[in-house]
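Below are two complexes that have subunit A in common, paired first with subunit B and then with subunit C.
Moving on, here comes the complex of A and B:
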């Protein structure tokens, strides 16, 4: 039984997104026999060792074969099962892109693809393993829900919500072990409904994934300079919570932050929505530039790409000229 | 009801007429004539003899997936022969927004289980269905029809490895080995040897003459030896229409009235058309 007391939340954080996902799926499987897990040779990396031990006949390893991973999952989904298919985010979204389009978009099969280690979490594995384009690749595919949980607790909740949701889901996991905690207590997670973490008057920070925690820290730095921030956790990239965005129009500046390219991700989705408004504040999108840069460890990469709280705060003060 | 070989031959002949007529009626949209003509006997054998089909409840029926979606006219006309598609629906081939597009679109009400068109998608999906049947301990079989050109796709071989590893015996792949693909002779494009490749990937390879019902039914009757089965069916692209046979330009094309008349005369052997 999954708990949401302080001890449980700390445990989820310690496990990181992948471990929290594996824990959640293992618990879910005990209650729902239709839950299956598939992985493209990344069982342990997906946090699925316990699942595979407890439910050996409900786990399939497709080998290093992302295309058949998604195809097999789609056939199982068509027969009434709820398959979770896991591999690194870039391999799922880019190698398996047409499979996601065909089976999950066009055919709308009830597959849950879990994109592990999106963003820079793979660190020294190098640029082949970074997931910086997955949202951009998948956002234009109809019928697909895209979730980007803010911390490990939200990963647990998003996993449960994805299983309960009838329809294809891409679950984007960011961050490493000991993920910063955005949530210190239980709360309600609803697909498509953004969470307002803090209400302010000057700047609206709209984050997804690991960048929500960075936005929280950035807001504290900005508060020291007298800048008051609203913070939105946009955990669902698609469908986008446009009502939440509309509630931000009175701010001086809207800022999006994501561990993803500035092209085609959360920032682009928000920009497209705001562009149709007759009166909207300027939008600052924070993400990676149109450039791969160099490999490095996770902390270095976040700093190098301007994805730390300090950098987010500095980019905002530069933009405002304060 | 299972058709015997005489009935199946009549069915294949009717299907060829319908393939030509429906493709002609599609007008300037054109149709994939030759890829459908090469699989007429395979589809007739499956729908009218081999597969268990429960029209009252498709969830009791065997699965068929046309992975080479461009052969749809053979699929649709075989479904008509089996009583799954009525005449009125069949004539809606390539209708704007209609249920029978040039390449199949999943439509469970009609008994079309998988969308296809993008090659290399059918086998993995069929394996998912077959795994589900194994999990549920039911006896449904899954048949996936692929083109030999389609086997250029890497996704086919990803799936093939998995089925062999899992020792899946409730799935049968059929390869329409017509040695032709969109750009012409397969030997000049990406020469392959389907029987050797499937054998190497751990499948039980059964060869057949894809235009002989005796040969095809014997192939489908061959029991699994514990490995997944693949029937490599030797076929002729455009079979039955002399100017379409092995003619690259008839992979997809448009018929004139004169060509239609000539083609119909050939596939019916000069019999009166009905």
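Moving on, here comes the complex of A and C:
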């Protein structure tokens, strides 16, 4: 049984998003025989070792064949199962894009695609393995729910929520092992309902995935300069919690932060919503530029692309001129 | 409860083992002490003794006996 005490939350954090996902799916499978796991040759990397060992007839390795991964999952969903199909985020969203569009968008099959190591988590594997365009590729597909949990505990909760949700879901996992902890105690996770982590008056920070923890640290740096921040964990990219966004209109500046291209991701979704407002504050979108840059280790990549707390705070003070 | 009793308790609760099975117990001796179980063990030890383990120590914690020496390095008298 999944727990949310201090020890459990620390365990999830050490396991990272992939390990926490695998743990959650293993527990789900014990309660629900319809839960299946599929992987495009990434069983261990998906955190699915226990699942494969405990439920060998419910685990399918499709090989490095992402389009088949999605297609087979869709067929299993049509037969009444709840399949979780896992592979690296870029491979799922880009190689499997047409299958996601047809089977999960158009046919709305109850498939859960898990995009592993989105953003820069694959580090030295290089740019071919970075997931920087997955949200942009999938956000325009109707019927698809897109989740981006802020830490490993939220990954557990998002996995449970995705299983309970009737309809196609893309679960975007960011970060490596020892994921920073955003949540240090249990809380309520609801698809489509953002979580306000802190209320302030000057700047509204809207983060997704690993950037939520960076926003928390950036807010502390800004507080030292007298800048008061609201922090929103926008764990559901689609459907976007527009009510939460509307509650931010009184701030001087809204900032989005994501481990994704500035084009087509969370920042673009927020910009689209705010564009229709007659009186909205300026929006600063923080993400990767329209450029791949160089490969490197994870920590260096976050720093290089301006996705650390220091850089987020600096970008905000530069924007404000303070 | 002594520190040794607390240490044993962590192993027994994390891996569902009896106390007399612990002395020779090692990583991957059974399905319970896999990579996931390992992280659960570390979190439970950290909680029980109010310590924060370094990555190298987490990797080297390969058996019940090694763990005793590891805990001693963190000032836990066993």
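Everything that follows uses one rule, which is that the second predicted complex is superposed on the first by the 322 of 322 C-alpha atoms of A that agree within 3 Å, B and C clash if a C-alpha of one lies under 4 Å from a C-alpha of the other, contacts with A are read in each partner's own complex, and residues count from 1 in each chain.
Here is the rule we use: a residue touches a chain if its C-beta (ideal position, glycine included) is under 8 Å from a C-beta of that chain, and two chains touch if they have at least 3 such contacts.
Computed from a prediction, not measured in an experiment: that's the story for all the values here.
Novice: Identify whether subunit B and subunit C fit side by side or clash on subunit A in the overlaid structures.
Specialist: By the criteria stated at the top, subunit C and subunit B fit after superposition, with no clash.
Novice: Looking at the overlay, does A:53 come into contact with subunit B only (first), subunit C only (second), both, or neither?
Specialist: In the superposition, A:53 touches subunit C alone.
Novice: For A:81 in the superposed arrangement: first (subunit B), second (subunit C), both or neither?
Specialist: First partner only, subunit B.
Novice: Quick one: name whichever of subunit B and subunit C touches more residues of subunit A.
Specialist: B
Novice: Classify the contacts of A:98 with the two partner chains as first (subunit B alone), second (subunit C alone), both, or neither.
Specialist: first
Novice: Which partner does A:22 contact after superposing on A: first (subunit B), second (subunit C), both, neither?
Specialist: The answer is second: A:22 touches subunit C but not subunit B.
Novice: Output check: A:303 vs subunit B and subunit C. Expected answer is one of first, second, both, neither. What do you get?
Specialist: A:303: touches no partner chain.
Novice: Just to confirm the value: shortest Cα separation between subunit B and subunit C in the superposed three-chain model, in whole Å.
Specialist: 26
Novice: Looking at subunit A, which of its residues have contacts with both subunit B and subunit C?
Specialist: none
Novice: Flag every residue of subunit C that touches subunit A in the complex, lowest number first.
Specialist: Going by the criterion above, the answer is residues 31, 34-36, 39-40, 42-44, 46-47, 55, 58.
Novice: Under the touch definition given earlier, write down the residues of subunit B that touch subunit A in their complex.
Specialist: Answer in residue numbers: 106, 113-115, 118, 120-121, 123-133, 135-136, 154-155, 158-159, 161-162, 165.
Novice: Which subunit A residues qualify as touching subunit B in the complex?
Specialist: 57, 60, 62-63, 65, 67-68, 70-81, 83, 98-99, 102-103, 106-107
Novice: List the residues on subunit A that touch subunit C in their complex, please.
Specialist: Result: residues 6-8, 10-11, 14-15, 19, 22-23, 47, 49-50, 53, 178 of subunit A touch subunit C.
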